[in-house]
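The following block contains the structure, expressed as structure tokens.
By written order: A, B, C, D, E and F. Residues from 1 in each chain.
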Amino acid sequence: MTADTRRFVSQLAHNEAVSQVFLASEKQLRPNRNGNLYLQVDLSDRSGSVNTRLWNASEADYKAFENGDYVHVEGATQLFQGNMQLIASRIRKARPDEVDEADFVTLQSAEIEQMRHRLEEILRSVSSRPLARLAEGFLKDDQFMAKFCRAPAGMKNHHAYQGGLLEHVLSLMELVLVVAPRYPQLNRDKLLLGALLHDSAKVDELSYERDIAYTDEGQLLGHMVLGVTLLDEKVRQIVQQDGQPFPERLLVELKHMIVSHHGEYEYGSSKLPMTLEAIALHHLDNLDAKIASFSQLMKDCPNVDSSWTQYFNQIGRKLFKPASEE
Amino acid sequence: MTADTRRFVSQLAHNEAVSQVFLASEKQLRPNRNGNLYLQVDLSDRSGSVNTRLWNASEADYKAFENGDYVHVEGATQLFQGNMQLIASRIRKARPDEVDEADFVTLQSAEIEQMRHRLEEILRSVSSRPLARLAEGFLKDDQFMAKFCRAPAGMKNHHAYQGGLLEHVLSLMELVLVVAPRYPQLNRDKLLLGALLHDSAKVDELSYERDIAYTDEGQLLGHMVLGVTLLDEKVRQIVQQDGQPFPERLLVELKHMIVSHHGEYEYGSSKLPMTLEAIALHHLDNLDAKIASFSQLMKDCPNVDSSWTQYFNQIGRKLFKPASEE
Amino acid sequence: MTADTRRFVSQLAHNEAVSQVFLASEKQLRPNRNGNLYLQVDLSDRSGSVNTRLWNASEADYKAFENGDYVHVEGATQLFQGNMQLIASRIRKARPDEVDEADFVTLQSAEIEQMRHRLEEILRSVSSRPLARLAEGFLKDDQFMAKFCRAPAGMKNHHAYQGGLLEHVLSLMELVLVVAPRYPQLNRDKLLLGALLHDSAKVDELSYERDIAYTDEGQLLGHMVLGVTLLDEKVRQIVQQDGQPFPERLLVELKHMIVSHHGEYEYGSSKLPMTLEAIALHHLDNLDAKIASFSQLMKDCPNVDSSWTQYFNQIGRKLFKPASEE
Amino acid sequence: MTADTRRFVSQLAHNEAVSQVFLASEKQLRPNRNGNLYLQVDLSDRSGSVNTRLWNASEADYKAFENGDYVHVEGATQLFQGNMQLIASRIRKARPDEVDEADFVTLQSAEIEQMRHRLEEILRSVSSRPLARLAEGFLKDDQFMAKFCRAPAGMKNHHAYQGGLLEHVLSLMELVLVVAPRYPQLNRDKLLLGALLHDSAKVDELSYERDIAYTDEGQLLGHMVLGVTLLDEKVRQIVQQDGQPFPERLLVELKHMIVSHHGEYEYGSSKLPMTLEAIALHHLDNLDAKIASFSQLMKDCPNVDSSWTQYFNQIGRKLFKPASEE
Amino acid sequence: MTADTRRFVSQLAHNEAVSQVFLASEKQLRPNRNGNLYLQVDLSDRSGSVNTRLWNASEADYKAFENGDYVHVEGATQLFQGNMQLIASRIRKARPDEVDEADFVTLQSAEIEQMRHRLEEILRSVSSRPLARLAEGFLKDDQFMAKFCRAPAGMKNHHAYQGGLLEHVLSLMELVLVVAPRYPQLNRDKLLLGALLHDSAKVDELSYERDIAYTDEGQLLGHMVLGVTLLDEKVRQIVQQDGQPFPERLLVELKHMIVSHHGEYEYGSSKLPMTLEAIALHHLDNLDAKIASFSQLMKDCPNVDSSWTQYFNQIGRKLFKPASEE
Amino acid sequence: MTADTRRFVSQLAHNEAVSQVFLASEKQLRPNRNGNLYLQVDLSDRSGSVNTRLWNASEADYKAFENGDYVHVEGATQLFQGNMQLIASRIRKARPDEVDEADFVTLQSAEIEQMRHRLEEILRSVSSRPLARLAEGFLKDDQFMAKFCRAPAGMKNHHAYQGGLLEHVLSLMELVLVVAPRYPQLNRDKLLLGALLHDSAKVDELSYERDIAYTDEGQLLGHMVLGVTLLDEKVRQIVQQDGQPFPERLLVELKHMIVSHHGEYEYGSSKLPMTLEAIALHHLDNLDAKIASFSQLMKDCPNVDSSWTQYFNQIGRKLFKPASEE
């Protein structure tokens, strides 16, 4: 099914018959009040997800597919309390030929390619010799770049989808390109490498083949500590390759940008930013992340006829979306 | 004495004879251990200030000038513990013809004029009709503009000198000009007005004819509450002038940017930022203020032969200045 | 139906047939486990509210009335887990002649009139000339007084019902009358005006025609900032009327009482109380609000045979109600 | 020397010859820059204290008196930087006949007697039988009452002088008398006993024969924990005397008022207030303490020609004293 | 039914017929979507608890037993979403002869006896004369010891079962025995008494005949304040018995260990630890409590095939259980 | 001068003539009130330090030695305000033959050797194969062990002297040896390695040849992040040497113990402890550090005739030292 014919989750209306493929997650087998079992599962595509129920389900139904599988579903939509729900009459694992992956990714391969190209372009504008060597070391590392272009920037909040890390890092670099010239005391090249490195270990902190989750080392060490190790390994590699040393203090400064970029101890920074570039990186990262996550919260909010979103515990407030005519 | 011949405070070396005009502040009459009195005073020009002592002083010496006066001083410099000190043999009130005000201001009239011109240019690029009317209302208010171009942005921390408010606001607007286009969901015009308005009541919160100090209403109400009143008055004025109403909700949004721009309750914001523009303004303001204040702390630090500044209580850290060759 | 014959929510017992009018809110259409829909709604009168269900409901049932409507309900009560529930067999919009508004308001018109009369009496005892002028300006403003007598003091916590603002402000003034004489250093008249003004902008922060909710400007600016604007407008008005200026510093002090009355930054005060009256007002307001809200929490608690209320997250504790014989 | 002829510390002017008795504290022997020693000591009477220096002092001068002694001093006053200082030519221990104790106490015996009388009057108005028994138990305990009438309410902040505890407790009771009737849900008698008990163990937490200081058990346990023990002992005593039991739960409630009266964990309360009386007591205590301490800070502030006091670290703000004509 | 034949809750598998005795708690009568009622109850033995439902229940079923009763249950297990559930066909109050109390206690009488014996052994090794007297006073107090051996150490978190207090205190004493010798500056005997006393008033703070709950005085005063009273009473008793005084300062030190053992104000300590023994006791208590509670959380976690537990709000993290082969 | 004849700083009494070698630090040239200069310097040996002044000093005196130099001093002691001071008549750089290094180190070479030997003994008792390999890798690394045995455990607080790191780590291991057996769920070998590793990067975080100071990388990255790098390098080394892989997850667990050992975000931990060993290590480390630092504070306190130390800002309290007879 192509994007032309597919009914995306965000397009579903009340009382609509459905027969197409979704990505399954969070499946559960539950008893109803009469002791009969039903299956509950979240079905999603790139536009969103819909809570789905299969009444009178069996354990066989429950075991017929795994979370992360593509499933073919027949059923009908039902609206109540403003929320859309899907009542399924049948759920089965989808055949590969039924799946168009493009329906399930937020960022298309072409978009990702384009962003990667721009990232390379920017990094190749770095004029500091050791920083350019380092950037090149990452750009030529196919395995790293493959993961870097696929990883999300987080579990939730901002850029929490495949390719989100690349998107966030590129957005940050573009900010550096326009903001750094306004402050002559800032070193643009250090800032660009800081942008590349600060979240780079998200490639190891998270797993993101289908579901997005923390890896064990991600949960136990975090992307800031993992980022220092990742940088150490890359520097050792390029030093081995070209036989030239990497400036010690510059390396320490880069690591400092990584471990301090959350800005405050309470957000897991083990050090407060102490260099101008570390301070600027923290604020630029914060700016990009907050605009992205608040925009996302506004966009996802189901209160369509209100200027106000619901109250979000994680940010301690509601958000206000002015009418567009203003 | 012109800037050509003057020895600026930042240029004074050990054992140098001094005979020129300074701005006096923080004068005190103190007894030494033998019960004899001496006069202590801070003498400054636009490049910095130097602690000065007049041994064997009398109450007459103490009363011969006021804080905020220009004084002519004869004496010699003396260095110890890395700090420069001035031992005065004579301090008297300066005659007007001895004073070149340009020696005592951080920003020259020409610089201020240039910044004001650029501010007008930017504000006249606002295309939203009501926001352009509002901006024009401020630009044409000579009394407001005179104060706005003279006020500092604060008592200490960043931009704490005459013209500092204009400098900070303009810097923020330039940021808006390059950052807003990167986020289509942001309304550039609202952000520009937010930049103009957020600290505008510093013109009333502070007094800054010679010394910088809080006014009574500044201390009791703060520039965020005063800013709402200032905006209300301006809107009433322009509505009276052109007889057209000002959009209610837009006004509320502008006020919201003012009262929320410190971002957190603990910094005196009575509301958290709830619109995208309020969030962006808070982070851009923070970015500009932090880069300015940390740069200033590094510049002012007397530890000349160290990469580290002293520990600053107000930011809970030392700062690190990498050697320039990096 | 008059209060004599009505069965108030607080009087309903198990297995009682019900056929009378209620105020509807929080209606929802939900599916049960078999996919059949039911309607859930909160029905209230001035004594409390009861959760109600209409099994096998249709979308027509859902659309037959709005939240905030008076509805006539037939059904029967049912007790389980100590909670009363109403199982409705029929819910329809009530005819105006079926509704006795007195059944639905916490405070009767007569009570409100009496409180308003007492408020006027107290305010007219103010002897300071400018403060008396200001008080009179509010008392003669019919539109303001109408809203002031109808507004609640909050969304939840204390005095969260129509007339609650008047009740709270009057209670606070009565406290001022007995407490101020004990501290000669306190200015009784300033405190009385502070009591009037501190929450006065709740008339604009909240909407309270039927449901109590935040207005847009209330949510974005808060009653402290709105209160300063409201005071500014009133002062401008009375100055226009009698042609005499209002003392500048006194006005700043009044505004300071408004913006600092929550006492701490974390509760949204943009300034800490710095005058004796501001400090006293904060503590008296706190005293009245806490006694009112804790009393309410104790009264509303359904744990009838326990000295302990449930645990309340918002105050971080349970409350203890000693047996009355003590 | 009687109060008629004495020059109180608060009356001393510049260049005044002094020859009278003071109370000594904080004495120190210090070297000046030439290695010569001088003696520094604080000299006080009930109106305040003045920093005093005896140049060219010896260890014998240092040992000639103790902190807490009355000393006779000859010397002359000297004003600088707005502070009064006393340059002594001679300091010796005073003879008993030279000392009029009335010059050194804030509260005169007659005032204390009058307050004690009023305290008894109020406590004897308690109608609850067990609470009246308890109150009587304290009133008839001469040893307790002697300490209670002599103790200060604290080391610093509010009521930090002999008799201050009685003054604070009585002020709180007077508040209870006027405030409790406004809230029928409050038990006036419990509140009166709470007022008596809440700080009662300050008689053991502090030592206050001459200097005010913490006792070991005061520092290690605090007046809230000590207050529970003190109450337990008193109850055991009255039960032994009249052979009647004291109601268990009432005793727990009284103890709860003691241990929770600081209101928040961070101020050392081991429990949050959970009864209405505990909540009311906390807020009334806070009201009385804050008005007393802020008034004191304003009164003691040496900035005579300014409406602003200095910045006080302990309360995180300056205070504002409006001109009296307002 | 003996432990040999009983199927413990932790052993129950899917689709297993059940007919045996459980301890009932948290029973509720609830309507299902059709308005029919069902009974929900938690059934437990010493190995854990299982959520149970009796469909189509009546009020008579609800009233047939009380929380805390032993009930005989017939039904069958059912697994879904990884959770075991019991669908009961019949629930009746159990006859005494059906109940083997050993099935319902975490710690057997013999274990408790053994721990009590070891506790006595350790306490009798105290060589300080007054501390040995005090320890003996508790050991010979049969009523105290009976409660002390039965009480839990808390409502939840660590050692929250009958005998848990003894287990925790003994574990702490064993720590003291091995740790104190490593720090010669620590007084082992004071630490042993501190271990005995610090939580001793949990015997009064909690009720634990069947359910574990707070007593009124426990909730209103807490075990730290109650512990001081309990110690005072014991000291008075032993002084009466042997006519010798108890050293004052030592008593204050013991009380200080009690009131400061939570270590921080925010955890309800009214004083911070100020003696070496108080500091050591706080950290040892913390060590034992944290290891016990984190081990329990790991053990109770139903995520059997994951190294990670769920996220626990109370500790702000997930826990990681490495595979045993490591 | 040997330890037999030397007067250690801690032994100096009033009015004692001094002529011996000290270690100099914190030297400053200051003017006195007459404009004459004097030299101030801290002189120390292993027993403590004494503030010293050389009146009428010149810049030549100031430049005659550096901080960190051994200097020979002639002068006399002088006591005032309870503090010992040294008035020097001459200060010159000491000749190497005048210096006995043993007078200036807290821990003697023999003590350090003994501790190192015990450390090796304990680490060689590790039975887990990979952990034993790792331990051996460190023990055989002479360069690492030399630094490890010389480094302090901190700048101030606990074990802030050369050899302090070894002393602290060994003390922690001894705790592990006695505490781990009490909790079978704890892995003793992981804990021993955790003890070795947790502060191991203090060898790089600090410089400690003479003065103790932070290195640049220490200040910018901290010993937790540096410790992960140090561990990575060691593992790479041993894997290269014996060609066997190191278990991945075990390595992650060890790193987790390093990065979480401060226990809370606010103390710079970038992760909270999530394994039982990480939790135990945090609490044992805390126990050892707090006992060491509080003991040191008590020992260093100059209030010799009081049970109370001064108030320490860093721990928010005074400390109480009971008389020894107790």
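In the analysis below, contacts are C-beta pairs under 8 Å (C-beta built on N, C-alpha and C of every residue); 3 or more make two chains touch, one makes a residue touch a chain.
Predicted model, so just to flag it, every value in this text is computed and none were measured.
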Exercise. Name, by label, each chain that touches both members of the pair chain A and chain C.
Key: B, E
Quiz item: Expressed in steps between touching chains, what is the minimal separation of chain B and chain E?
Solution: 2
Quiz item: If you take the chains that touch chain A and keep only those that also touch chain F, what is left?
Solution: B, E
Quiz item: With respect to inter-chain C-beta contacts, which pair, D-E or A-E, contains the greater number?
Solution: D-E
Quiz item: Repeat of A-C among A-F, D-F or D-E, where over half of the residue-numbered contact pairs coincide, is which pair?
Solution: D-F
Quiz item: Can you give the whole-Å distance between the Cα centres of chain C and chain D?
Solution: 41
Quiz prompt | Separation of mean Cα positions, chain E and chain C [Å, integer] | solution = 44
Quiz item: What is the distance, in whole Å, between the centres of chain A and chain D, each centre taken as the mean of its C-alpha atoms?
Solution: 61
Practice problem: Note the residues in chain D that touch 2 or more other chains, in rising order. | Solution: 33-34, 216, 219-220, 249, 253, 256, 274-275, 318, 320
Quiz item: Which two-chain combinations qualify as touching?
Solution: A-B, A-C, A-E, A-F, B-C, B-D, B-F, C-D, C-E, D-E, D-F, E-F
Exercise. Show which residues of chain F lie in contact with chain B when the two form their complex.
Key: 28-35, 37, 216, 219-220
Quiz prompt | Touching residues (chain side chain C, partner chain D) in the complex | solution = 171, 174-175, 178-179, 182-183, 185-186, 247, 249-250, 253, 256, 272, 274-276, 279-280, 283-284, 286-287, 290-291, 294-295, 298, 315-323, 326
Quiz prompt | Residue ranges of chain E touching chain D (in the complex, touch as defined) | solution = 216-217, 219-222, 224-225, 228-229, 232, 249, 252-253, 255-256, 259, 265-271, 274-275
Exercise. State the interface residues of chain C toward chain E in the complex, per the touch definition above.
Key: 32-34, 36, 38, 55, 78, 80-81, 85, 87, 307-308, 318, 320
